[in-house]
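Common to both upcoming complexes is chain A, partnered first by chain B, then by chain C.
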Partner chain A sequence: MEFLQPTTWTEALEMKAAHPEALPIAGGTDVMVEINFDRQRPAAVIDLTKVAELEEWGTENGMLRVGAGVTYSRIIEELGGRLPGLAMASRTVGSPQIRNRGTVGGNLGSASPAGDAHPPLLSSGALVELASASGSRRVPVREFFVGPKRNAMRNDELIAAFLVEPTRGPEQFSKVGTRNAMVIAVCSFAIALDVERKRVGTGIGSAGPTPLAAIDAEEFMAGVLDESGLWERPADVDPNAVARFGELVAAAARPIDDVRGTAAYRRHALAVLARRTFTWAWDERRRSA
Partner chain B sequence: MGMGRTPPVGLMRITCTVNGKQVSADDVWAGESLLYVLRERLGLFGSKNACEQGECGSCSVYLDGKLVCACLVLGGQAEGREIVTVEGIGSDGALHAVQEAFVEAGAVQCGFCTPGLIVAAHDLLNRIPEPSTVQIREALAGNICRCTGYAKIIDAVHLAARGLAQSR
Partner chain C sequence: MSLVGRGQRRLEGADKVAGVTRYTADLEMAGLLHVQIVLSPLPAARIRSIDTTGAAAAPGVVGVFTGADLRSNANGPDKPLAVDRVFYGGQAVAAVVAISESAAADAAALVEVDLEPIPAVTDAEAAMREGAPQVLDTVAETSEEDAAVHGAATAAESEPVERPPNVTAVASFKRGNVAKALAGADVVIKQRYRLAGVHHSPMEPHVAIARPEADGGVTIWAPTQGPFALREDVAKTLGVPAYKVRVVPMPVGGGFGGKVILLEVLLSMLALKVGRPVRLALTRQQEFIVGHPAPGAAFDLELGAKKDGKLVALRVKYHYDNGATSGWHAGITGSFLGGTYQIANFELTGYEVATNKTPVDAYRGPGAPQAYFALESAIDELALQLDMDPIELRLLNASKEGDPSADKSPWPRIAMVECLEEAARHPLYKAAVGPGEGVGVAVGSWGGARTPAAAGCRVEPDGTLSIVIGTPDVSGATTGLAMIAADAFGVSADKVRIQTGETDVAPHGPIAAGSQTTYSIGGAVQEAALEARRQLLEIATDELEAAPEDLEISDGRVSVRGVPDRFVEITRLVAASTEFMGRHKPIHASGRSAVLSASPQFTVQIARVRTDPETGAFQLTGYAAIQDVGKAINPPEVEGQIHGGAAQALGRALGEQLAFDGDGQLRTGSFLDYELPTADQLPDIDVRLIEIPSPFGPLGAKGVGEPPAIPGPAALANALARATGTRLREVPIDRSALVKERTGARTG
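Up next is the complex of A and B:
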């Protein structure tokens, strides 16, 4: 195994071009488990933790651009106010040890259907910035996950950053597991209300081959809020509409039976999570209006 | 990588600071964890090797001031970094208040998880000098103990917090 350690982003991209088979490593919280258990023996690893550019975040045309190497702990501490949904999800990741080391870039790299950063990135319509020695492109996160643990990144590319608009309304994230910490989600759900554009964003985790958005549910609820003028004058939302929203979220999932739960349980739980998180988000909207 | 000589293919030398001293390890395989380097190359056996998947916290150390699982850090990633292990928590011949509190509260049974818990509790008290029980549980969620049932560990952290407050 070869160990490559670029110290600049340009160098990292050149190394990836020269060694397309090399496995990038950031926080190592996924990669090291694979190596320790001999599940993967890559010919080379590229350590990205000396590349300062990956650890930066800033704003760009009103969007936040967050380097792939920003850890969950830093998302919580530094971006909690601007990305509340992602920060909530980050708080549920592993333990302090894992949050201090694990990165959103690594979550995107692994592209697990259970990755906790994915639902809030889906609900807020984030973009993933991929780069290679020959240029960069920005892929909507809704097109980034292409299969179980597979993403749209080519093998000459690295994840540079994700881009997302700072919060435009209440956001929530909720996850079902057997403990409050250290659990892979049985299923999870994120919601983001975009009060300015009158849109509802959703993200489903751990209930399909990839993380998913519940598009029918989004359109349905945005329509309900629109028709009754509730975006402008927040008041009670018809409980039947909230229940229908839950059903549409459950219908968008494509869960399987596995050791963590059955498909039927996941669908049921998603409908509950969708109703609950919508209600929490809407209560916040009403309080702030 | 500082290469003092030509190592066999894929093996390297790592130089970093451990418990305040600059140290080097030779012939490190590229896939080797920091935990392995600490224990097998540097003879620091305080950090325990148990799950090798970040679940148990027995190998908790500081890496550039952040609490991490040494089993999930690649040896090469430690190059030029500063590591503090449980051996660096107390001073020569004197236990740290967190260690004293674990002894006093009876928070140690078989002792295997203790080093990791000491480092994690030390990190918590650096961040939150007087944590609530909920904050302690949250902070120690990544450290597994199969003997104590955690009650005495939580007592020990409260005790350490009081001890540290008095000595300030």
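Up next is the complex of A and C:
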């Protein structure tokens, strides 16, 4: 196995161009499992941990640009206030050891339907910045997941960063699992209320071949809030509308039966999570208004 | 003041915490070669051919072996490498010996195994159906010896009962007339209870080293729970006298019944073949499919009672899913089903069923967590139906001293009643429950094993004691043994070293299993220390010119009682008995014990839960374990055993399961999918010790290790039933079954 270790971003992109088959490794919390299980025997590995640019974050035209190599622990500590939904999800990832090593870039790279960073990135409409030696492009995260564990990245590209607007309203994340740590969720759900643009964002995890957004549910709830003028004057939301929101989220999922739970249970639990997270987010909106 | 009964830190604990304990995998050895095994991907197959040429030519390979190269009389699934036929997925079919672990692994991938699949059955119920594929070639009888090693007599009456396919043995217990009693009962609970198979999941996967010796024997380094049992087994297979197999017992990184013998026969044979020491350390994934796990079980149970709660009849038809072996759990299970409560009529029929899965073996309390999940769930269902307090119902029927046990022999002094009474007083049981909360209780018990044992004792030049026994420490038991020795001799516990000797020189000791270590060896250690003291005082008598009965030992000295300035240092006496031209005989003491009778142990555990009816999620909010231990030699260690045991048993309900797909492949063969309980799932465990001394055990002690690992699943299921109104009769628990409000979602 060839071991490539670039120290700058330019060098990393050049190496990737020269070795398109090389497997990038960031925190290694997915890659090392794959290798230990002998599911992958990569001919070459590109270690990205020496590339300082990937560990930076900053603002760009009002958007937050977060390097692919920023770990969950740093998201929680440094960006918890600006990206509350992602921070909530990050707190549920693995264990402290995994959060210290694992990165959002790696989560996007693996593109697992169960990746915990995905629902909050979906609900807040993030962009994924992909780069190659010949340039870079920004792909909406809603178009990034193209199939089970497959994403829109070409094999000459690397993930540079994700971009997201800092919170414009309450955000929530919740998951159902057999336990609260070190487990793949049975299903998870993120919600983001964009009070300025009057939009509701959603993200569903572990309940389909890819992470998903519940678009009908988003439009339905944004409409309900709009019609009754609740965005401006937050008050009680009709419980039937909240229930309907839950139904629409459940309907958007495409779950399967497996050891962790049945498809039916996943849909049911998603509806519950959707109702709950909306209610928590809305309560917060009412308190702050 | 005596040490026993007061807290003593584990003497070997600091080294383990600091990471300086040397485990088997840490050993280095000149000329060491590494073994990798090739496992069958199919659960049942004929071996058409195995092509080893590619592997043999791979870099670093010293030899590649198949079943044809190794002579063994073992049954098909137990052969060191499969011959002609494969009986379970994960059975070893070839072994590569190479100069490094990675060379062995790479070459193992080059072994070409041509298997012809034959029909397999991986589910016990399917295996018992007419026309099911036959799993084992020969249906061996249940080995009573296996059962006895772990849990005392099974006492099943072997009546001829019709045997469905793949049933290797039937345990049967009968009393009175069940049909009549059930017909006359006011209430009958008729239900089916099931438990999944689980794995010990020791922190240290199986590992061993075997080195060939010039006399045709081998030396084996292994973290075994039973060095003498291992020695016997390997010697038998190699056809050499037992003494030619030398077992060096290494620290055990978690055994729980699963680490007596597994890789050692294969490694011994390979070592003799290649003439060099060989090592195999299983990966975690191999551990899951190669390490012999605990069987799943199912119970069809009918429990009849009168309106006042008096139990009148129990009929249970149950089976164990043993994988590719004959199994021996059912008899033990029957003894619990039939003996825990006084029931005039019972009919218990337990089937041992072979399936195409990894053969099962003992796991902490074999047969007991299964028995008590069924029995204690049913008792709780009965209490709900009769609207009786569940502890009251149990007290009404509890077995007491003199009552007949399942095999009619009278129960000795047991403490089930005391445990139940303590549970009734416990704040977790008494505190009011809010909405979505529930409290469950369950009983467990263990018969306890016993084996003759001996111990040797020497006094070192610095005045400390070196005690040698033949049993490894899997539980912290040696700290308790050191306390017993220290009290007997007159020193502090840190002045006593207990070592498990190599089988060459160690006195005989039982396997560390069945809650028997302290119970069996304590007396031998005490006798050895007393004898060493006697020998020391004999020397002192001469030096101090005083009668032995006037002498006392304290602070490292022997002094004349009442005349503190007439003393001699222990170190002096040791020197006088070991030095060149010394005048005294060296101290060389031994002690022996053979405990004549078992001391059955009872426990009651209380679980408190809070549930989320919308998602079916739940949280254990409190847990208590009440246990009769006879006499707690080292109370914090006893509590530690109880904490660990309770956590292990709760794991069976919270998520642990060996789940197989239709093709006989294990779906939960990693810690990602095999869900051990995590800290956030377990509340503080409040331990209440009851000490009703055993008339037989050392200082009144009884076994401690098994009972805490028994009642958990039933205690939790009972708490959930009371919290939600939903009875879960299967573990691990399916949370979706606890969902109450199905509003707001189109569910399937």
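Descriptive notes on the structure:
By definition in this document, the second predicted complex is superposed on the first by the 289 of 289 C-alpha atoms of A that agree within 3 Å, B and C clash if a C-alpha of one lies under 4 Å from a C-alpha of the other, contacts with A are read in each partner's own complex, and residues count from 1 in each chain.
Basically, a contact is a pair of C-beta atoms (placed from the backbone, for glycine too) under 8 Å apart; a residue touches a chain by one contact, two chains touch by 3 or more.
Given the structure is predicted, the values throughout are model-derived calculations rather than measurements.
Applying the stated contact rule after C-alpha superposition, one finds that A:182 touches each of chain B and chain C. By the touch criterion stated above, A:37 is placed in contact with chain B and with chain C alike.
Of the two partner chains placed by the overlay, only chain B lies in contact with A:5; chain C stays clear of it. By the touch criterion defined above, A:259 reaches chain C but does not reach chain B. Shared contact residues on chain A (touching chain B in one structure, chain C in the other): 33, 36-37, 179-182.
The touching residues of chain B, counted against chain A in their complex, run 1, 10, 12, 29-31, 33, 52-55, 57, 60, 63, 66-69, 71-74, 76-77, 79, 120, 123, 138-139, 141-143.
Listed in rising order, the residues of chain A touching chain C in the complex are 33, 36-37, 176, 178-184, 243, 246-247, 250-251, 259, 261-265, 267-273, 275-276. Residues 1-3, 5, 25, 27-29, 31-33, 35-37, 41, 44-45, 47, 49, 73, 94-98, 100-101, 179-182 of chain A touch chain B in their complex.
Within the complex formed with chain A, the chain C residues making contact are 283, 285, 614-617, 654-655, 659, 667-668, 670-673, 675, 677-681, 735-736, 739, 742-748.
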